[in-house]
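Shared between the two complexes below is chain A, which pairs with chain B and chain C, respectively.
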Partner chain A sequence: MGLAVVLALLVAPEDADQGISQRIFYLHVPVALTAYFCFGLGAWKALRLLSTGEQRYDLESYVAIHQGTIFGSLTLITGSIWAKASWGVWWTWSSNQLVLFLVLFLFYCAYFMLRFSIEDGPRRARSSAVYALFGVALIPVSFLAIRLAEDFIHPTVFTREGPQMTGTMFLAFCVAWVAVTLLAYVLYRVELAGKRLDIALRELREATS
Partner chain B sequence: MSGGQYVAAAYGVFLVFLLVYVAIIAAKLARLQREAEELRAGRVDGYPRVVPRGSGSVEESE
Partner chain C sequence: MTYVSDVVALTRKDLRVELRARDTLPAMLLFVLSTLVVFHFALPAGTGATAAYGLLWVAIVFTALLGLSRAWVPEAEHGVLDGLVLAPCDRSAIWLGKTLATLAFLLAAQVVALPAFVLFFAPLDATALAGVLLADVGICAIGSLLAAMAAAGRARELLLPLLVLPLAIPLVVGGVGSAVSDDGGRFLLFLLLYDGVFAVLSWASFEYVITE
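Our next item is the complex of A and B:
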């Protein structure tokens, strides 16, 4: 992460159009891609739960979606700051990319309401898994919205001709993307280990009572 | 606000989120560690004391 921050803030050249505020790109886009990845991972684990019936996938799906909502919040906040710096507004409803990401984010926020409204057990695991799978359909729609709608407000950096940036900028972006993805993975493993330990301790307490 | 301040705000928010998340996880792990130690020592009220395998009996905690 340190290398990514140095590359993004000190090494990458300043953008000719947006100036220094473009440096938010090296944080905002990797965080958004990581949020998509976490939601996708949560849906994949949900699919594994439904296909195999193994309950461990329920916890893995839950933790991945929890990570996704954290990175989704960061995407919305950093995007909003960047929008204010570049467009002069904190939010615009005219950009499909923004609105669809907000819909995706709120959809997965509702996942927690569903999950905690059902008593712990296989029924909750199955219902949560089905809901998580429905949400995954929104990910490609959200990702491709800007291209499908030809939205000119939100910039399109990655086109069919390749990344629209210099080599140093692309390097800074790639390093930041890898760093944020690794960070999310480490946080996922730590949170998962904590939750498994919590469950194991609860079972031990019940067994000894 | 200048462009630089917006950049600082974006990276600052990321750092604050990360620190809060790590603090929450650290607090939870500390609680789990405490509970595990309590279970090991047999100090949880109302729960039997965990005794080494082969000692023959399960002793009630205080």
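Our next item is the complex of A and C:
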């Protein structure tokens, strides 16, 4: 993590067009990729739950999606800052990725609403799992939809050449990506351990009382 | 063929319940008409047809939501769901029957709403109508599954729109695109893709949602 910060801030050369603001790229893109990864992991655990019926996958799926939502919100925030710095507006509908994250953010917030409104039990686990699976199907479908929507929402499509990364930039990007993924994994383990501890504690309390 | 006859029997049951009780359909009809009238006042003069097409989709999505929020209420109130789950038929047939019944209600509402839209606002061509039809299939397919999910929770009427709306965004894109774009065929293809993906997903996962 520290190495990633050093590389991103000091070593990688500045982008000619965008200057210092481009450096948020090393945070924004890895965070976004990690959010996708968390959503994918959550859906995978959901699939495992449905196929095996083991309840431990429920908690794992939930925690993965929780982390994904946190990283998704971070993507929205960093993306918004970047948009302000380089395009002068806090929000732009022409950035497909940002719009996609907004849709996903709404979708996964609804996931939590669903989860908290159903009584604890196998039915809740399965309903949440099915909804999580809908989520991964929604990601490519809405990406396609947002691409298509540009046609009639924005007649002039905002095009910008992707940054041709130099060696050090690419290295910094990779290190940042690994660092963020590790961070997500550690958070995932910590939250999972915390939730399991909670459940164990509750069971103990019920057993003693 | 038992699967097909199960589905037909379940759909007929829903249609017959609706014919006798007349709970959902009149409400949907009245809702979509009043929405269109509200839109007339919501659109400032001179905004043109394009904005009206967008609002038509808002009306369609919310009318579908209205129908879907009632979809499992008779089952939940009278304990029919337990009977259906115990019945010796494939559980996905329950989903398919409910989807077809909801689709029938939505189409019936649109038989009135679309001519009213043409009368009040702007003409609709064949591509736009095909877009409406395909989007109806999609929203009923996901909606009848999500409504069954929401019915298990507290405050189901509150939960359902939250669950459906993010998933309905691609449908709105496809529907509006098919109405306003010059190249509407692409949007129809996209709607077809959406229907295929989510119908298969709902069909396959319904069993997990409905069983205790």
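Before moving on, here are some points about what is shown:
Quick note on the criterion: the second predicted complex is superposed on the first by the 185 of 209 C-alpha atoms of A that agree within 3 Å, B and C clash if a C-alpha of one lies under 4 Å from a C-alpha of the other, contacts with A are read in each partner's own complex, and residues count from 1 in each chain.
The rule we apply is simple: a residue touches a chain if its C-beta (ideal position, glycine included) is under 8 Å from a C-beta of that chain, and two chains touch if they have at least 3 such contacts.
Values in this document were obtained by computation on a predicted structure and should not be read as measured data.
When the two structures are aligned on the shared chain, A:L204 is found in touch with chain B, with no touch to chain C. Applying the stated contact rule after C-alpha superposition, one finds that A:Y131 touches chain C and leaves chain B untouched. Of the two partner chains placed by superposition, only chain B is touched by A:I70; chain C is not. In the superposition on chain A, contact of A:S142 is made with chain C only, not with chain B. Judged by the touch definition given at the top, the superposed model places A:A85 against chain B, while chain C stays out of reach. Chain contact summary for the complex, chain A toward chain C: residues 50, 103-104, 106-107, 109-110, 113-114, 117-119, 122-124, 126-127, 129-131, 133-134, 137-138, 141-142, 144-146, 148-149, 151-152. On the chain A side of its complex with chain B, the touching residues are 5, 9, 18-21, 23-24, 27-28, 31, 70, 73-74, 77-78, 81-82, 84-85, 183, 187, 190-191, 194, 197-198, 201, 204-205, 208-209.
Those residues of chain C that touch chain A in the complex are listed here as 142, 145-146, 149-150, 152-155, 159, 162-163, 165-167, 169-170, 173-174, 176-177, 180-181, 183, 186-187, 190, 193-194, 197-198, 201, 205, 208-209, 211-212. Residues of chain B touching chain A in their complex: 1, 3-4, 6-7, 9-11, 13-14, 17-18, 21, 25, 28-29, 32, 35-36, 39, 44, 46-48, 50.
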